[in-house]
Amino acid sequence: MSPTPESASAPLLRTTGLRKSFGSLEVLKGIDLAVPRGRVLVLIGPSGSGKTTVLRSLNALEVPDAGVIELEGEALDFAAPASKKERQRQRETLRDASGMVFQHYNLFPHRTVLQNVTEGPIVVQGRPRAEAEAEATSLLERVGLGDKRDVYPFQLSGGQQQRVGIVRALALKPKLLLFDEPTSALDPEIVGDVLTIMKQLAEEGWTMVVVTHELGFAREVADEVLFLDGGVIVERGAPQQLLRDPRQPRTRAFLDRLLRPLD
Amino acid sequence: GSGSGGDSAGASASPKAGRSLEQVQKAGELVIATEGTYRPFSYHESGSGPLTGYDVEVATAVAKKLGVKAKFQETQFDAIFAGLGAGRFDVIANQISVNAEREKKYDFSTPYSVSPGAVIVRSDSDITGLADLKGKTTAQSLTSNWYQVAQDAGANVEQVEGWAQALELLKQSRVDATVNDKLTFLDAKKNGETDGLKIAADTDDVSKSAITLRKGSDTLTAAIDKALAELAADGTLAKLGEKYFGQDISK
Amino acid sequence: MDWNLVISSLGPLWGGALLGTIPLSLASFALGLVLALLLALARMSSIVPLAALARLIISIVRGTPMLVQLFVIFYGLPSIGVVLPPWPSAIIALSINVGGYAAEVIRAAILSVPAGQWEAGYTVGMSRVTTLRRVILPQAARVSVPPLSNTFISLVKDTSLAATILVTELFREAQRIAAFSNEFMLIYIEAAAIYWIICLVLSTAQGRIEKRLDRYVAHA
Amino acid sequence: MDWNLVISSLGPLWGGALLGTIPLSLASFALGLVLALLLALARMSSIVPLAALARLIISIVRGTPMLVQLFVIFYGLPSIGVVLPPWPSAIIALSINVGGYAAEVIRAAILSVPAGQWEAGYTVGMSRVTTLRRVILPQAARVSVPPLSNTFISLVKDTSLAATILVTELFREAQRIAAFSNEFMLIYIEAAAIYWIICLVLSTAQGRIEKRLDRYVAHA
Amino acid sequence: MSPTPESASAPLLRTTGLRKSFGSLEVLKGIDLAVPRGRVLVLIGPSGSGKTTVLRSLNALEVPDAGVIELEGEALDFAAPASKKERQRQRETLRDASGMVFQHYNLFPHRTVLQNVTEGPIVVQGRPRAEAEAEATSLLERVGLGDKRDVYPFQLSGGQQQRVGIVRALALKPKLLLFDEPTSALDPEIVGDVLTIMKQLAEEGWTMVVVTHELGFAREVADEVLFLDGGVIVERGAPQQLLRDPRQPRTRAFLDRLLRPLD
């Protein structure tokens, strides 16, 4: 089941049979995936296929109807009926472990760039302000935003906002970084700035799950690519194989539409 | 509602029960409700000075006779009976006319002011008496009996907030007359506020105003009656009448 | 026009404003806002009876004249043994009113904050309450300043009803002077001018607050 | 409790509501909305004196008690030769009030429609006025229903002030019955219940209208 | 559909020295361009370079500060001071001639698809309802939305909304179609649907000015490509030449960022 031949140790995160319905619409129909430590998993698939729902489940923004999420060996079972308190604990476990970067950044508009980044460390993790700010500043400098510390999000371009979004997630030192189409709201010429930073994070060894339509990024950075359609993982494989020579006709059709829109 | 009926808690705590003389004397004060905006009965000296007026002075004198302090609570007419019913006040001194309907619900002292009514019209009016009000429009406030008198005379009654508005409507020819205390008119006349108006006729009815108490305030009512009798006897009431109206109005 | 009267009445009218109208408005507004927030949260709660209760309260408060509410609190409650002095009664009635009206404003403002902001708060590790407090309410505040200042301005004028329950304020002073002089038009207009001045000050304050809260928003 | 009084007063109270309160509210609201739209457009106009005048009117209307406005129109205007009967006076005062309050609501609603909608209108060849009428206002209407229904509910209760200028409506009937029976508390609560019923009907209507106007909006 | 097959001698539209400032920011610094009848002009350039402002000037959503727009030989001079009435006439001339398709569709949310399309013909052009509706229906069918006539825009996907946007512009039978990044708000797999329709329109002979980042579309469909930067046309040429082998270093840098975001 797990497509991680080179990893001997247990994956950081593993899902088994994840299911989720909204009303009568079944959006996830049993998702099995594993994310080894230090690896990058890329999810692709048509609109509505359930990519976002997978990420949101990993971050406990949605509660799956069934299935298990295993985090560092601890199994969170969502099929079993659970008390409110138990669900709460599951939620906290997942949220503490992961950081999320959204398509539309979702920065806090009423806080400066620095405050956006330190909000989590100071308010949630209770770290000393001075320490949190020093760390945030150095992270911001790393992504080229050292001089934007004290401005408000509306004063930034989309690409700058998304870099702040990434830094906000990093500042929590999560074990797992989740990205939901982080570049698809950006101007095409700015996309590169954000992808480059994500590539560096991958090289530094962060564990990442990325939903994206940027096939170039997937090809260069992903360790594994999953193609989702209709709430099912239709195909999975190394990027070279899956993106260049997909086995499934649905994968091929999807990739064709993406690469050659005018045909 | 708490205006009447539906008795709840017992003893002296209940606002429903009347006040006894003993309670008042124990409290050391008689709480008196009055409008404070009804010249010359209950008003403020030059508008913002101390509370004064015929009713206010009568009530003060009564309290003194009872051996307690007079404590005035100024409220609007809307709230005056509600407040009495709720036990916010012990008595009302505000030109409350005694009538059958009210006597069913409240105790009254002996009247301390007796005033004939007057049909007040514009100088050029051809109304000469109550009988002419039939089919005409009058402005009346709800405070007094005169509303009823005008209505009984067949007038089409417009209810207004107070005397000032009634005067204004009459001067602006928007109503044909107002029936009111003659005393009130005379007071206004003294202040030059009745230009172009006149009294067409006095009414046969008189309005008797008395201190109003919750039902069951027997000892207090008796004490107030006694105080009023003494005030009449020692000439205090007559003197107050002279002061405000140039005549004794207590009988 | 009787200028002497106009001038001699300025003192008492402003006295009524400063000792009655203004402190009454401020106290009731502050308390009312707290109540409004609680009602708004209750109304949005997933606990059905709580939400229903909040709805009912809001509906009664908004659906009935405040004069009657004042009457019930001041003259009605004593029949069940609760005797409150005038000022507390007035503040209670007025703040319940502010609460009823402002609850809907606050609810709408909270709902106007994009869902993504809740999620961003959760993702950063915040609980529901922390997210509400540190992420949602500060943003809702911005949206709700204009309608809340409407509520405040209405409140200032509504304080005049407190005169019916023995509170001396601007309007009561005006009534007294008008009753004495029978110049009710003149005095009422003078009082209106004072209300207007108070409201202008409030509007200026509103402008300042809006500007302050707008510092993090792009301008067209 | 005096049940006979409660029942015998139902007739006159509902009479006051049906012949006074309700038609007065409806007429004033309709006129007030027209006035509000004009004021809102004037306030947004680039013609500076027009915008300033609109601001001033809105400020005075909102900043002064309606009772005084009623008095000025009814008792004050005759001194310059304008004698208006009670009903027209009341409708004028009430609709000016609705106009002042609703102008700000409508202005905010118009500003809330994205600029792209104006441009889409222009691009399709529409003039400013046509775009306003066919594109902007229909969308602004949706946003403004909740705050306007607040204004309406306040208006319904404010009509009681018309009693001071001889308009017979619910509250005036209540005062009369209360004065004759001396049962102020009981009758006022009864009147409040009737106001509440009217407001409940309004809220239901609001819900329906919102639903209707929401038909073209995605739901969360 | 009725493109305007007339003598191809004089261009349909020509601008000379178009300038526009917002406050102290000069956004257009003298734009000269010509759009021959039946041709497709593509504008590319970095964010903020003034592409949108050029289109908005052609559609009279902005009034240029200086320069001339010549439409079918009639010159509209924006340098000369003009009366309100004269500006109004210029505005109407330009608007009657052109139809605009926006990046964010800007459909009328309170009108059904059919009403969106017929609003202009009926209300503005005063055409009979039956005729306008018949024509709108056939246009909607052409773009594959025959069955969506009576739904509201919110019930459509982004790609469907944009197709309605195009039909709304077409229904006015303008001489010139303006497109401002018509696909950049769309899901990548849906982009193709819209581009294909635009390609068909070009083939039918509509005169079009298109701002886009879809270089594939430019390559296949454009007759001329203009590269804008800083309010100036830095380079212009046939798509084969400009996109493959730009002469100017700025053009080259821009195209590189777009094509290889990760380098």
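A few comments on the model shown:
As written, the chains take the letters A, B, C, D and E, and residue 1 is the first residue of each chain.
Everything below uses one rule, namely that contacts are C-beta pairs under 8 Å (C-beta built on N, C-alpha and C of every residue); 3 or more make two chains touch, one makes a residue touch a chain.
Chain identities (UniProt): A, E = Amino acid ABC transporter ATP-binding protein; C, D = ABC transporter permease subunit.
Here the structure is a predicted model, which means the values were calculated and not measured.
Identification of common neighbours of subunit B and subunit C yields D.
Comparing mean CA positions across the assembly, the chain most remote from subunit D is A. Taking the mean of the C-alpha atoms as each chain's centre, subunit D and subunit E sit 45 Å apart.
We define each chain's centre as the mean of its Cα atoms; on that basis subunit A and subunit E are separated by 36 Å. Centroid to centroid, with C-alpha atoms defining each point, subunit A and subunit D lie 52 Å apart. The set of subunit C residues touching two or more other chains comprises 67, 71, 75-76, 184-185.
In subunit A, no residue reaches two or more other chains under the touch definition. Residue positions of subunit B touching 2 or more other chains, listed in rising order: 1-2, 6, 78-79, 82, 85-86, 165, 168. Contacting chain pairs in the structure are A-C, A-E, B-C, B-D, C-D, D-E. Of all residues in subunit B, only 1-6, 77-79, 81-82, 85-86, 101-102, 105-106, 142-143, 147, 158-161, 165, 168-169, 172, 174 touch subunit D in the complex they form.
Contacts from subunit E toward subunit A in the complex involve residues 46-47, 157, 184, 187-192, 195-196, 199, 213-214, 216-217, 220, 254, 257-258, 260-263.
Listed in rising order, the residues of subunit D touching subunit C in the complex are 59-60, 62-69, 71-72, 75-76, 101, 104, 108, 115, 146-147, 150, 153-154, 157, 160, 171, 184-185, 188-189, 191-193, 195-196, 198-200, 203, 220. Residues 1-2, 6, 8-9, 13, 15-16, 35-39, 43-48, 73-76, 78-79, 82-83, 85-88, 162-165, 167-168, 188, 191, 193 of subunit B are the ones touching subunit C in the complex.
Interface residues of subunit D, counted against subunit B in their complex, comprise 1-2, 75, 78, 83, 163-164, 166, 172, 175-176, 178-186, 189.
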